[in-house]
Structure formats: C-alpha cells, structure tokens
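Each of the next two complexes has chain A plus one more chain, namely chain B in the first and chain C in the second.
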Partner chain A sequence: MATSTKILALAVLAVLPLLMNASTCIGPQVTSNVYTTSEASMSISTVFVVEVAVKCNNGEKDLLLFADVNGHMVPATQSGTGKFQVSWSDEHKKLPAGTYGVRFFDEEGYNAVRKEKRSGTDGSTVTPIFTVNVKHSGTWTGPYVQTEFVATCVALLVWYMAYRSKSFLMS
Partner chain B sequence: MASRKQKLTKEEELLLQDFSRNVSTKSSALFYGNSLIVSAIPLWLFWRIHQMDPYQSGILFAIMTAISTYLVSYAYRNVKFVLKHKVAVKREEAVTREVMKKVADDKKMSKKEKDERILWKKNEVADYEATTFSIFYNNALYLVLIILASFYVLRSLNPNVNYVLSVASASGLLALFSTSTK
Partner chain C sequence: MKSLFLLVVAFVAVRSDNDDNAARLLASKSILNQFIVEGKELTVEYSIYNVGSSQAYNVELSDSSFPEEDFQRVSGSLNVKWDRLAVGANVSHAVILKPLRPGYANFTAAQVKYYPTEESQAQQVGYTTAPGEAGIVGLKDYERRFSPHIVDWATFAIMTLPSIGFPFLLWYRSKSKYDVKHKKN
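== the complex of A and B ==
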C-alpha cells in the first residue's frame, strides 16, 4: 500500500511539469528598438525605452517577461503578440553616456534572480533568455555660449568700430 | 527809395545750406527708407525669438515701427549735421588737390570760379560721407540698444511689453544721443 502511494506520487510529479502553464521560450530570435533621451535642455530626466519583438523556436506565444534594469526587476509590458516594452528614467547625471545591458528573463529566471537576491547576491549568475544592449550617447545640454551673448558681442564690436571712426572724425 | 533785391551768390547759398539742419529731398528719402528698414528688424526678432504672433500684435508692430522710423531718421539728420563740418575740414586738402588737378589746364576759369568749384565739391563729398557714416553709426547703436534691452534688461517681461519698451527706449536713446555736439 505504501509502495503504491509512493509510485503514484512519483508519477504525478513526473507528469506535473507537462500540465503546468509555465511558458518558456526556447531559441529566441529578438529584434529590438531603442530610444534614449538626446537633449537635456528640454527635459528634466533621461528616459530609456526598449521595444523587443521575440519569436521563439518552440512557437511559445504566451510569454511573461521581466527585465533587469539597473539591478531592479521590472515586468515588461506586452504591446502586441510577441512584442514587449520596457522603459525607465532617472536624472541625467545618473544615466551617463555608455552601453547598458538589459537582461530579459522569463518567469523561471525571474524567480531564480529573486531567490539569489534574497540570499544576498546580485543575481548575475542567472542566465537570461536574451540581453539587449542599449547604447546611450549622452544628452546635449545646450551650447557652451548662449546665442544672444554672441549676438550682443558682435553688435558691440561693430558699434565700437563705428564709435572709434566717429571719434577720429570729430577730433 | 526802391528796395534792392539781392540775389544770393552761389557761395552764400552753399553757406546757408551748410549751416542749415534741413536735408535735401533725396537725403530725406534715403534717411526715412533706411530708418524704416532698421525699425523693422525688431519685428523679426520678436516674432521668431520671443514668439509674438504677428497677426495679433500687428497694430502694435505698426505703431512702434512708425515711431521708431521717425526717431531714427531724426537721429540720422542730427548726426549728419554734426559730422558734415568735421568731415569737410578733414577732406578739404584732398578735395582741393583733386579739383585743382582737373581745372589746372583751364585758363579761362577765374580763381573765384575755381574756389567756388572747390567749395561745391567739398560740400558734396562731406554731405555724402556724413550721410552714409551717420546711417552706419546710428544703425550699429540702435541694434546694440535693442539687443541689450530685449535680451537682458527686459527679458522677464511679457513679450508685448518687452517689444514696446525695447523699441521705445532704443529709438528714444538714439535720438537723445544724436543731439550731442561731441
């Protein structure tokens, strides 16, 4: 009796993974579109937007993705079938120019990262489904010298030349 | 006793013209034309940089441009008058040399005629140089005043107020400075 119970339990455990609805993407083909803030004079913070289109070799469509953004795990918003979007923002100086690697995980990977972080590590040992490299060329803060200052200097220079000529004529 | 009507000599006419602040019709047209163009420059500045709507502020633009045109041409006239005599003194030697070179071979011309011709040429050169220099100097000063007023002194004000005060102060100061004899 005890032996039959044990066999039944093992059989259920063996079949259970097949009955679960956990979706895993095998061999993902990823196309990404990235936007980063380029001008700081008209905005108060730098924004990163990453759009990915994922096609799985196993035909998986019901994906649930999470992205590791600067050490924080955020869910990726689904914007269409197989299309996901992640965005984040921060002050200009906290997001300088450079390449930012955004790791994408499925549900399993997300749980693994969370488990590692709870045990004190940063979760970097967990392998993501795919990684998107975001190249940020920095933000333009405006010209070093304001244009009205340049215009004022040129106008003053021309007037000064005229004033000198006038002084010479009046002497 | 019959009154004698004396006709003015050419020399006296030139002297009268010299000491008069009145300008010829041609000079007047030149002054008003230039002052209109210069007074219209702030319109572009306030339309494109300070974002004033030209249709909404059309009447304001027209009034201030007209006032500025009058004051700037007034400044042109004053500065020209002051400069003309100084230029005449500076150019006298060169003009005399040039005219004498031209009339040296003319034996029929009397010394008086030659002197009149020199005086006339000197007046013409001084008039032209003083006119063009007056326009140049006043335009440069007007633009400096407009830029300083609109971008620095009055930058925090509403664009309409900024425009009125900038143009009024620039053209007013220009007219004021032109009354100086130095």
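== the complex of A and C ==
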C-alpha cells in the first residue's frame, strides 16, 4: 500500500513540470558564438555579440530567455527556433580585456532575479539555465609607438654617434 | 448649452486618441564605425524605445538593406524578434558585417513590426532612422594611410646601409691602422 502511494507520488512529481506550462528548459545543450570588437577604429564603442543555439531535452519550443549583462537584465532576441542573440555595447574604457560571464535565465529565473534586486541584493544567488563566458582580448586603439617615431629616433642616434666621433677626431 | 456639450465631446474624442492604451516604438539604426573599410568589420547598432503607454508585443526587426553579395555576415542576425517590450523600456541589437566591395553605399532604414496591444489584430509597421550614404574605403587605401608600414621601414633601413656603412668601414679601417701604429710607438 505504502509503495503504491509512493509510486503514485513520484509519478505525479514527474508529470508536474509538463502540466505546469511554464516555458522552462530541462537539460539545455548550448552552442555559442561570441564576437567582441577588436579595433577601435571600426567601432566608436566596444560591442559584444553573443549568439546561442539552445536545444532542450524536454523539447521546449517557446523558450523565452533573459540575459544578465553587466548587472542589468536584457531580453534575448530570437532569430529562429532555439536561436537567441544578446548584444550590448559601452565605451572602450568601460569594457576592458577579460572574461565576462553572461548568465541566461528563463522567465522564472528572470522574475526571481527582479524580485531579489528589488529587495536590495544583486540577484547573484539565482541559478541561471546556462552561462556563456565571453573572452574579450581588448580593443586595439593603435600601436604604443608609431613606427615613424622609431625610425626618426634611430636616424637621430646614428647621426649623433657620427657627430661625436667626428668632433672627437677633430679635437 | 447643447453646442457646448458637443464641443466637449468632440474635444474628448480627439484627446482620447492619444491616451489610447497602445505601445509606440521609436527605433534608431546607427553605424558605429569611424571608417568603413572593405574587408574589415562594420558595426551596426539598432535601438528600440517604447514611448507608448502599453507593452508592445511580438516586436520584429528586419533589415534587408545589406545584400548578401555586398556584405558578409560576421555576427548577429538581421531578422530578430522580441516577445514583449515593456513601457518605457529600450533594447539594443547589434549586427557585425563585412563589406566586400569598396564604393558608396546607401544605408537605408530597417523595418520594425509590432502589435501595439495584446488584443490588436493589426500589426503596426514602423521604420528605423537611416544612417544615410557613406563611402566604403578600399583596403589598400586604408592600409596606405593607417598601417604601421614596418616592412617599408625595414626596407628603407637596409637601403640606407650602403651609404652609411661604406664611409664607416673606410674610417674604421684607417682608425684601426692608426691605433696599431700608435701602440708600436
């Protein structure tokens, strides 16, 4: 009797997520493609673009994703079934080289983070569906020293050495 | 009295048009490049703002002003949609392309389609701002002006070597001969 009720309870628990109709992803398989601005002359602000393709084990098709980008929550755009994109931009100085972790949430997670933020915390305790690490190698703003400057210095050095030895000879 | 009442009704009817609980989206499209160079990345950023009084539903942004044979897609998608856009919220979207040919390009507006209210059947169509015409610089011209020219400077250094090295060799030879004689004395 006890085991049959246990089995019934387990069965109900197993079926419950399907009945809830919340668009949540179980066991997501994620492939991500990341782009960050590499040259400052090609963009006046550093732009990060994260494209993800998500496949859910429960075959969820109407997934809505939100991403935590540098502290604030941004809805991910949908560019096809299971394909999402998140992009953000800021000044070059504010996005230095390094690894940025972008956490992706579904609707439940998004509401949980919003609730936490309203109560004062930063929402970092909510577990995301998945996280994408964005490696930014810095935006190149030009060489440290111009080659023309180096060439001029070498030329001046050669001239100086010649002048010194000449004056030494003449003395 | 009746005319006054009619006047008030007419005024209210006109005013209520603006206070309709509907979303209104303003969208901008801008090119973030300082220089647009053939073969180098072109960064396009779109921003959509909801200045209406209701959430916008099923917001679709589609840009067909970048033909495949002239612009290669590096990152980002040109046809995207957002499920909802809250009142007063703004979202941004970026696409990275690579121009394949130099010359003049006219950057026209992208299309934004959305449903202004949850029940509305008619889709509202709007357009982003258009960045306008801009020139795509050829790669050779850009490199001629901006690349560090390291190979050119190295070649120059090697070319100046004979005219500096030859007199230096003569002087060095005579100096070493003179030094030897001095030691002998």
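As a convention for this text, the second predicted complex is superposed on the first by the 122 of 171 C-alpha atoms of A that agree within 3 Å, B and C clash if a C-alpha of one lies under 4 Å from a C-alpha of the other, contacts with A are read in each partner's own complex, and residues count from 1 in each chain.
The rule we apply is simple: contacts are C-beta pairs under 8 Å (C-beta built on N, C-alpha and C of every residue); 3 or more make two chains touch, one makes a residue touch a chain.
In this text, all values refer to a predicted model and were calculated from it rather than measured experimentally.
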### Message
Once chain A of both complexes is superposed, is A:170 in touch with chain B (first), chain C (second), both, or neither?
### Response
first
### Message
Tell me the contact category for A:68 with respect to chain B and chain C: first, second, both or neither.
### Response
neither
### Query
Of chain B and chain C, which one touches more residues of chain A?
C
### Query
Which of the two partners, first being chain B and second being chain C, lies in contact with A:33: first, second, both, or neither?
second
### Task
Quick one: classify A:158 as touching chain B (first), chain C (second), both or neither.
both
### Task
Could you tell me if A:106 is touching chain B, chain C, both of them or neither one (first, second, both, neither)?
neither
### Message
Under the contact rule defined above, give the chain A residues that sit at the interface with chain B and also at the interface with chain C.
### Response
148, 151, 158, 165
### Query
Tell me, which parts of chain A touch chain B in their complex?
148, 151-152, 155-156, 158-159, 161-163, 165-166, 169-170
### Query
Where on chain A does chain C make contact in their complex?
33, 35, 37-45, 47, 49, 51, 64, 74-75, 77-80, 83, 85, 87-89, 143, 146-148, 150-151, 154, 158, 165
#### Entry: Residues of chain B touching chain A in the complex
82-83, 86-87, 90, 133, 136-137, 140-141, 143-144, 147-148, 151-152, 182
### Query
Considering the complex alone, what residue numbers of chain C touch chain A?
32-35, 37, 40-43, 45, 61, 74-77, 79-84, 91-96, 146, 148-150, 153, 156-157, 164, 171
